[in-house]
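Sharing a structure below in structure tokens format, with a few things to ask.
Residue numbering begins at 1 within each chain, and the chains themselves are lettered A, B and C in the order written.
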């Protein structure tokens, strides 16, 4: 049984289908890249998997549970964590407090009114921050972090949920080339080490080919091609789509 | 937060030390006065002129008990809770001998309750609510103006003479309006069992939506209308009602509309023929009123409003009470006020011992337009002592002591 | 049938009046995101200035309409001047903070109008040629109302043309959708904002001037208009002008027929409409999420660690508070009692506004319900004081539980306005259910138990309960729950994705805020000895809002500081002059310009800087 099974999900905005019937599966431990030009529907797909958007039709199953249209909260509790294309972190809190809050939520201790949040899960938070390389900035306020650092914090927030599946929407957008490779290597390494499956979107083909076991190409809301990296790279239609959009395979 | 609390504490401490209580007065007699000077400026500013004149006259005549009167006046902003705080300041801090004033009924009641709790005399000047002398009546509280009951009784007497059988009512949607209408209905129905009540409108105070309201009244097809709107709402009602023909062929009996405060803004659009209570200052030729009118115009270069008479008479009454009591001891002043006769611009009045209501009456007449403004004509003075329930009824209404 | 038609026409005329005030407010909000309380004051100025001009100019059609037009222009100029002189300085302050400045303007204008035009209502003559009535279906209908029926749609059309056929209009529309984008395009934002303020104020002035033939210019026009204007704006969807017209139509027509069926519905109808609309359409009839401001603007302002260091200040502070006022005498004790209670009230509002990101314009609902709960328990059940004080927070929390479910799904000004609707509905119940609540005469005789009758004892009890509550609120803010609340404010999608049930968290936060507001209300009832509908009135909600903003929304010290400053100022100033509104308004404006983060916010930053320097 696959970990994630997506069957014919679709979402339209004002009559235009942003995602028009997408089906795929993701096996336990697999790293899959979802690629496609801007506006192809990748983020919309992610939002339907993460519960931010309810699909117009189709189903999503995770570990056998039907999570179609489930709330983000329920999906998170089943073991799906995610990062956002535009980073989402708790800007008024310190880096450590961010992770502590994620841990508090994960341990279902949100409705606790007297203990000091700052004293809860402190070592665990520090450990997570060490893993993403942010321990030295633990006391800084999230609202003033550099973009690349925010992405790391978001990764730590996602990992705090001890997920089975991690969804990363453009984890390296807006970073310098070298930084991208480092961050994705970090994420992939952490996921491998903890048996977390990975679904990610990415524009940098170096990053994609370095980490994806399989690639799904999306164009105008539909799957254009799907397969191992080498096969996708060779696909003529994929090349056309990317040429047409002005993007290039770097490889 | 903690830091700020600390700082705040220090700041407060400094402020408090700066305003620590003044030493007890042996000079003038201090009177605490509270009214809605900013919230209801139209009535309260002439009212203040009135009591200013009274106090000046009293002090010019040597004061009371050889001491001058000094008024410590405060604005309650139209909020009863602030009036209670101010009462606390006046009594606790300013050490006034008694409290006076208030316009709105709920503020009058709040200050009355404070006075009762703190055993201070309170002479309510203007609030019209019946409760202040009856249901919520108190040993410590007296009231000058004729209440809604008394004015409704005066108007019901006039209304009963009319042939009209189908009546509609319009009044602002708060206690003043509801109790005016209730009293009027009860008293008119008692005199005229054949009267039918065919419609009612209750616009929110200050928000009368004139077109729809007037039309709804027309639709009820009344033969006569009882009105208790005043101020801006009255103006809207009159203008819209006149234009739409609401008042043609119908008699209107209207509370307070003859008071200059409310009649004058209407100018030449004042509704002729309305039967109203009010204050025809231009045509009252009793000697006591002439004297007051001359003094007032001389002092303020303006004509008096009803509020002026109320303010003037309230402080004349206070002075009389202190003089009769021979001291500013609260219980002695209260004892003095029971049955106290006072000379006012409307003639002699008495504070009834039974319910602490004064017998000040009201002028009842008809509105006419003369020289481009509204005046009262065919008016007479209804003495307040004739428009009271029976003593037994009053006694039953007052709380047991 | 003819009656129905006439009421419909009446509704249309009233709708035009409502629309004229609301559309300017909507435009100003759409572009600048300023909740402009002074809009009602501009409306009032429009009426007064038009009155003076019409009296001055010849009694001809030209005289009348010229007066109206000049008045509108004058008010537009006043609005533009206020924007340039005052608001420009504080655009970078947290959202909703500008509201404080506009409230200062309200106070100043109120006293100036009284000084200039006097207290008496001023009735202007009607325009020549439009004084009479025409017969419609056998009923007399005022000519002027016919004109007014046309004015609404004409102004609507003119605004549409302005926004869709001119470059300036296109910019305004773009700015309504995305302020930052317009800035990025290199447009001079300052000039655009001034222009928008001019236009919005001009429309307010026009609305006031055009009302003259229907209503005398009077001093209550400012406050009685502003709430209605906000309701229309919000029901229509903030920033949507067509929405404002539809909303005005809806409210006016419902009102025209509502008073026939339920004559006493006048107090609450407009707020019922708003509550129903917002329950189904969280952004009003035509509003979009884009037109909604960020929450109360406390985001990205760190609260600090919540560690124990603050004890250094609070222990001596509390000791001083416990000892000093009783030394200073009875009246000082009652003033400080009031300040302490209102500090708790403000802190409870701050809890939902700051950490919770849920601004409220109707927090007095919970304060008032607490007060009434205590008073009713005392009067009808004979509950002893402590039981009454326990009933107060429970009553408030129950109301919050019921209405919170609707409220917390909204955000920003929409949430604030829904709470206002709740407060007005509660207020009208207190006001009209005379048999139970005593109506506007309130419930008297809610005095403390004998052992607490002394002012000092009651004060110490208040200090204990409010101090304890403030401590609890602070604990909650720094507890996991408070962290989740703040997290939900900072990044709702992140919070949900982390598995936090944000609706439940916000709902609970709403109830907690209500709980403490209710306790404050209960204490207030016993300290005053009485309860009145004014405890639930808009002005009390606004007072709390002012305290929070004055103190500074980004810090927990804000509400108490705001309460001390606001109540202290008002109390002191009003003792010495009748022009206290003018003075208070000027002081508020000065404070706003000097401390755009609030007083305590300023102090906190100053301290951080001092610490950073060492």
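Throughout what follows, a contact is a pair of C-beta atoms (placed from the backbone, for glycine too) under 8 Å apart; a residue touches a chain by one contact, two chains touch by 3 or more.
All figures in this text were calculated on a predicted structure; none of them were measured in a lab.
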{"item": "Centroid-based (C-alpha) most distant chain relative to subunit B", "value": "A"}
{"item": "Most central chain, Cα average position", "value": "C"}
{"item": "CA centroid of subunit A to CA centroid of subunit C, Å", "value": "42"}
{"item": "Inter-centroid spacing, subunit B versus subunit A (mean Cα positions, whole Å)", "value": "72"}
{"item": "Computed distance of Cα centres, subunit C from subunit B, in Å", "value": "31"}
{"item": "Residue numbers on subunit C that touch subunit B, as the complex places them", "value": "3, 6-7, 10-11, 13-14, 110-111, 114, 119-123, 131-133, 139-142, 145, 214-216, 218-220, 224, 228, 252, 255-257, 259-260, 263-264, 266-267, 310-314, 316-318, 320-321, 324-325, 328-332, 334-336, 338-339, 347, 431-432, 434, 439-442, 444-445, 447, 470, 474, 524, 528-530, 532, 534-535, 539, 551, 555-558, 560-561, 564, 568, 571-572, 574-575, 578, 580-581, 600, 603, 607"}
{"item": "Residue ranges of subunit C in contact with subunit A within the complex", "value": "298-303, 305-307, 475-476, 478-484, 486-487, 489-491, 493-502, 504-505, 508"}
{"item": "Residue numbers on subunit B that touch subunit C, as the complex places them", "value": "1-13, 15-17, 19-21, 37-38, 41-42, 45, 74-75, 77, 79-81, 84-85, 88-89, 92-93, 105-106, 109-110, 113-114, 117, 129, 131, 136, 173-175, 178, 200-204, 206-207, 209-213, 215-216, 218-219, 231-232, 235-236, 239-240, 243-245, 261, 264-267, 269"}
{"item": "Subunit C-touching residues of subunit A, taken from the complex the two chains share", "value": "50-52, 71-73, 76-77, 81-82, 84, 88-94, 97-98, 100-102, 104-106, 108-118, 120, 141, 143, 154, 157, 160-161"}
